[in-house]
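One chain, subunit A, appears in both complexes that follow, with subunit B as partner in the first and subunit C in the second.
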Partner chain A sequence: MFVILGRVLSSLGVLVAVSIVLFTLVHAIPVSPARVVLGGDASEEDIAEFERDNGLDRPVIVQYLSWAGGVMKGDLGRSLIDNTVIAVTISQTLPVTLELVLWSFCLALVIAVPLGVLSAYHEDRWIDHLARVVATLGVSIPTFWLGLMLIAWGAVGLGWFPAGGYVPWSAGAKPHLLSMTLPSVSLGLYYVAIISRMTRSSVGDVLMADHVRVSRAMGLSRGRILIYVLRNALSPVVTVAAMSFGYMFGWALIVEQVFTIPGMSRALLNAIFRRDYLVIVNVVLVITAMFLVANLIADLLYRWLDPRTAR
Partner chain B sequence: MTDLNRRLLLKSAALAAGLDLIRIPGAFAQDGTLNIALPNNPSTLDPIQTSNHDAMAISNAIFENLLEVDLDGNVVPSLAHKLPVINDEATRFTFDLRDDVVFQNGAKFTAEDVKYSYEYMLDPKNRSVRRTLFAPIKEIVIESPTRIVFNLSQPYRPWLQYMTKFMGIFPKGSREAKGDDAFKLAPADLGTGPGVFVTWQPDSHIELKRNPNYWRKGVPAWSRVMARIVPEDATRLAYLMTGQAHIISSPPPRDFERLKTTPGIQTGSKVAIGGMWFMQTNTKRAPFDDVNFRKAVSCAIDRKSIAKDVFYGLLDATATPAPTGVSYYNAEADKAVGYDPEKAKAFLAKSKYADKAEFELLVPSIPYLFDAKDGALVMQSQLAKIGIQMKITPMEQPQILTRAIAGTQVACLLPLMAPSDPTFIIQICFTNNQIMSKSSGYTNPELDAAIQESYKYTDAARLDPVLKKIQAILVEDCPNIFLGFVGVANAWRAEVKGFKPNTGLTMWIRDVSLG
Partner chain C sequence: MSEVVVPRLAGADRAVSRPRADWLFRFGCLIVMLSLVLMVIGPWIAPYDVGRPTDFILEPPPALRDVPRLLWLSITNAPREPVYWFGTDSAGLDIFSRVIAAPRADVAIALGANLVSLTLGSLLGLAAGVARPWIGALIMRTSDLVQAFPVFITGMILVTLAGRSIGTIILTLALLYTPIYVRLTRSEVLTQRQRGFVDAARALGRREAWIALTHVLPNAMAPALIQFSVTIGFAILMTAGLSFVGAGVRPPTPEWGLMIAAGADQIVQGEWWPSLFPGLAISITVFGYAAFGNGLERRHAA
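Right, the complex of A and B next:
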């Protein structure tokens, strides 16, 4: 219990540190958001007035403390560009991105783990070669290009899927799932490659272990042996999967842009284009928090899979 | 094929048909919804603040002005009954207004609303981004509910063009009642236009519905507009191909030729007088403080090959601030600083930087209107052929503008979509106390006089000679490098009727119907 508490506290510390670094870096960008809001024709006086009105003329440390104080009270602030409430933006976009990442993550696990296990069990057989080809393609194909190819194939060619856009659940399960299929495949394929190779390597190592050999010699069933093997082999896979889950929020930025999905990553990209400081900081912090939560869950799973680590 | 495989295939087909997966329902809605795809996410829909041309495609369907640009590029009446009566000094503009217009909120449109809207925009404390463009408006006088007079401090021809694009009329008192945020984010029932604002989900879509009380009878033919924000070129194209969008703006140049022969797709492009692409060079900074160096750069760039090979014909290549197809195009001026490698070498040899011919060019890293990076790379190779080393520095457009406005850049590539007035860019770049004056560091009393003279004229007979003279002055001093004019391009599905590219906006949707 204390270990979990310690991990939560250290995660909070990381969040605070990230927020400070982010705030400093974002404010180091030379272009004022006032230029984006007021346009290229705005005079220097207009720019100064905008900055004064929005508190951008204050020292960065004062701006940070003011923002952090608001966050403690649940107020993430307002967008400098369109004055929207950032908490509302995040509450509207986070579920979209989270769903995309979860579908992609599930897709990656469902394909990668069995593929990795099979290729470890059948080393240098056709299934192993196939898994290697899938992995090589998965890590080699850029996500944005894969997305475009999937649109060309699945939407323009076959007409089975929409070319882009997000259809909410309220519009029906089928159109919703169709709208999420190509983006999820696009985002998940890279992690199929990573996780399947890690699974293969890890399962292959365990298969060589003495206890597996002894289990076989004792006549244990293949199913029972597989359970023992997985229990021992999955620890590194869980770690990689957790990292992948966090990284997916970053790659979602590309996928959401290609498939025009109004998720949080796309909101972040637009905020970067518009120099919307507060939106950038808040969204990146949410992504960081997701990353930390995923790693926390991985830690707990790790302890469950390998109780020695708890000791 | 074995029986097993055949059976499997048949089962799969039946399953797919059962699940209705063979083809998604046609996005060409039967309910009269017009789907359009725009690349940029608007930052505001407020008609006195919009600077993004995709946003204007929406805001100009909600708000209207006294005049508008028709599909052939002419300024025609809109909320005004006819074009204004102008006095001999061209300082008094009398507009007769339509008497049959009501706002979307049901209120009758009168001259009071026009005066209120313009005075609100002109008030410096309201920080309209386009206020300076209307600065010569000295006084607005209401003569009757349907007649209003604008008195200007000086002849100022371009302001009628600016009116078609940079302003919209809203009800008297609406700013105080609704607040600026309503205009910016949710301008429901605030305009007189054919589209009534319904919803805006940032990064996703903007929805308009038909204005049932619209003053033009039988217009619009659509019941709803769904404007999808699709920044990725290829995805926007896929939206068109799959029917998810009926009309798209800014089709990628490389695909434009192919689209022309694609069944079920129509295309159109028009050179926009305001769509200027140029290299803004700073005449106060080396090496562009030497006119010979500037001319060497200008003569070394083969604009026509860039237009053909990089922009696939969507760029009208010219070395002067005039499209080649307009009556005031000065061919001699174009030739004087147009592509000529030998002349370029001669100018470079005369330049004081002949031994150290190098400079840095800032290039927009994120496309605005079009992607300029490929064009910059071609220019780099063309300049290298005469011995000029150009270093390309990618930078975001706002950052480039900031530097240009401060006059700290050496050279930058600027694509702008200005109003269709021939002096707009020249005015803001090469006359004193303008927003881009420092970016060029160049002024010329002779040029100032010519620009002021041009403001007096609206007829081609008197205006064209002055505009040609302006081009000749600019070619002589070559304060920057003009590259060409960008065409407004659209692609749309064959079912769409009544649509043509409009040089005033990226997309004009009012008169579109679904066949």
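Right, the complex of A and C next:
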């Protein structure tokens, strides 16, 4: 129990450290958001006034503390550029990104784990070669290009899927799922590669362990042995899967750009190009938090799967 | 683990000898060399000027069945219509020329970034392994912190805010990849510094820093050097991704990610070629670097 508490605390510590670094970083940039809001020909006085109104002339540490104090109370602040409430922006866009990531993650797991197990069981047969080709290609193909090619094939060529855009659940389950298919596939392929490779090597190692040989000698059924094998082999797979889940948020943004899905990418890209400090910091923190939570869950699963690591 | 000696199962030493893998390794070598050659001479051997539009806008590539005839014509230098092997894009630029000129941006950035992070990472990793414990802890915690940031998004932010030049992209990628090398070198340093030759050098009265740099570091570089090839592949993907979202190299530089982005609008109209070929170039190059790195790893393990 204390171990878990310690892990939660250290994750929070990482989050705070990340926020401090980010905050310092975006404030170290010479171009002020005032320039973006007021335009290129604004006078020095106008810029100074804008910075005073928005508290940008205060020392960075004071700005950080006042922002962090707001976050404690659930107030993430407002955009410097268009004065929208950042918490609202995030609560509107995060669910979309989260759904995309979840679909891709499920897709990756559903394909990768059986593929990895099969290729470990049938080493050097055609299924193993196929898995290796998928794994090597999957890490080499750029996600955004795969998305475009899927549009060219599945939307323009065959006309089965929409070429982009996001259809909400309220418009019906089928159109919604169709609109999520191509984005999920293009985001998921990379992780099919990574997770299947991990599954293969981990299952391959366990298959050579003594207890599997003994189980075979005792004449246990293949299904029963498979359960024992999976139970022992899944721990590293869970770790890799959790890290993948975290990384997916980063790459989901580029997939959203390709398919014009209204997730967090547009908010973040706009904020970056317009030097909207607070939005950048908040969005990146949300993504980092997702990554940390995924790793925490993996840690818990790990203990449950393999009580030896709990000590 | 067990006291009883059991014969190892068939395939236990599967990583060591496999002719297939060797073919992949050779393919990887070929691609790595090709990309490096194109990085140097690519823009000079391109058949058309990479910056000057031709007279044909969105000209499709020649049909597959015409390719042998056209190849023969161009080899024999016979008079013929101009050929755009990969077609032309919406600005009328020849895509083939730009695809082979792009390694000057993509491969050079990836290589530069990895050289910086290899140097920095291996020195920091060495320091983390041999210096006082608090210095080691400081270096490792800093690496943890850098790795907690989402890679692609952090890259996007840093490059945009620091100005989209090749130099800032190289430095940003170098910063993001340094922790990988720190970790690899440190763990190898921890095993190497226990070896006899270190004690021997110490017995000769050498200074600790000198021993670390000349005896420990060269012996601890292997994992980092193997990772080097694979990470160059990542860096190429990242460079192209950054320019795809508009946070990387500026147009009109010939660069694969920019070319894919420029062709993205035409995809819906059924004009697939402006995006297809640069993406294939990225995939093949990254595949080559990965295959090369995996081959090196297998050889090192054997």
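Basically, the second predicted complex is superposed on the first by the 309 of 311 C-alpha atoms of A that agree within 3 Å, B and C clash if a C-alpha of one lies under 4 Å from a C-alpha of the other, contacts with A are read in each partner's own complex, and residues count from 1 in each chain.
Rule of thumb we're sticking to: a contact is a pair of C-beta atoms (placed from the backbone, for glycine too) under 8 Å apart; a residue touches a chain by one contact, two chains touch by 3 or more.
Note that this is a predicted model, so its numbers are computed, not measured.
Model built by superposing both complexes on subunit A: subunit B and subunit C clash. Of the two partner chains placed by superposition, subunit B and subunit C are both touched by A:Leu148.
Look at A:Asn270: by the touch rule set out above, it reaches subunit B but stays clear of subunit C.
In the overlay built on the shared chain, the residue A:Ala163 is in contact with subunit B and with subunit C. Residue contacts after overlaying the shared chain place A:Leu137 against subunit C, while subunit B stays out of touching range. In the superposed model, A:Asn83 makes contact with subunit B only, not with subunit C. Of the two partner chains placed by the overlay, subunit B and subunit C both lie in contact with A:Gln257. By the touch criterion stated above, A:Ala17 is placed in contact with subunit C alone, subunit B being left untouched. Common to the subunit B-facing and subunit C-facing surfaces of subunit A are residues 31, 148, 151-152, 155-156, 163, 257-258, 273, 275.
By the touch rule above, subunit C contacts subunit A in their complex via residues 1-2, 6, 8-9, 11-12, 14, 20, 24, 144-145, 148-154, 156-158, 160-162, 233, 237, 240-241, 244-247, 257, 260, 263-264, 267-270, 272, 275-276, 278-279, 282-284, 286-287, 290-291. Residue ranges of subunit B in contact with subunit A, taken from their complex: 19-24, 27, 41, 43-44, 49, 51, 127, 129-130, 132-133, 181, 184-185, 201-204, 228-232, 234-235, 238-239, 241-242, 244, 366, 396, 398-399, 401-402, 405, 428, 435-436.
Residues of subunit A that touch subunit C in their complex: 14, 17-18, 21, 25-26, 29, 31, 123-124, 129, 136-137, 139-146, 148-149, 151-152, 155-156, 163, 208, 210, 213, 246-247, 249-251, 253-254, 257-258, 268-269, 272-273, 275, 280, 284, 287-288, 291-292.
Within the complex formed with subunit B, the subunit A residues making contact are 30-32, 35-43, 46, 49-50, 81-84, 89, 92-93, 148, 151-152, 155-156, 159-166, 174-175, 178, 257-260, 262, 266-267, 270, 273-275.
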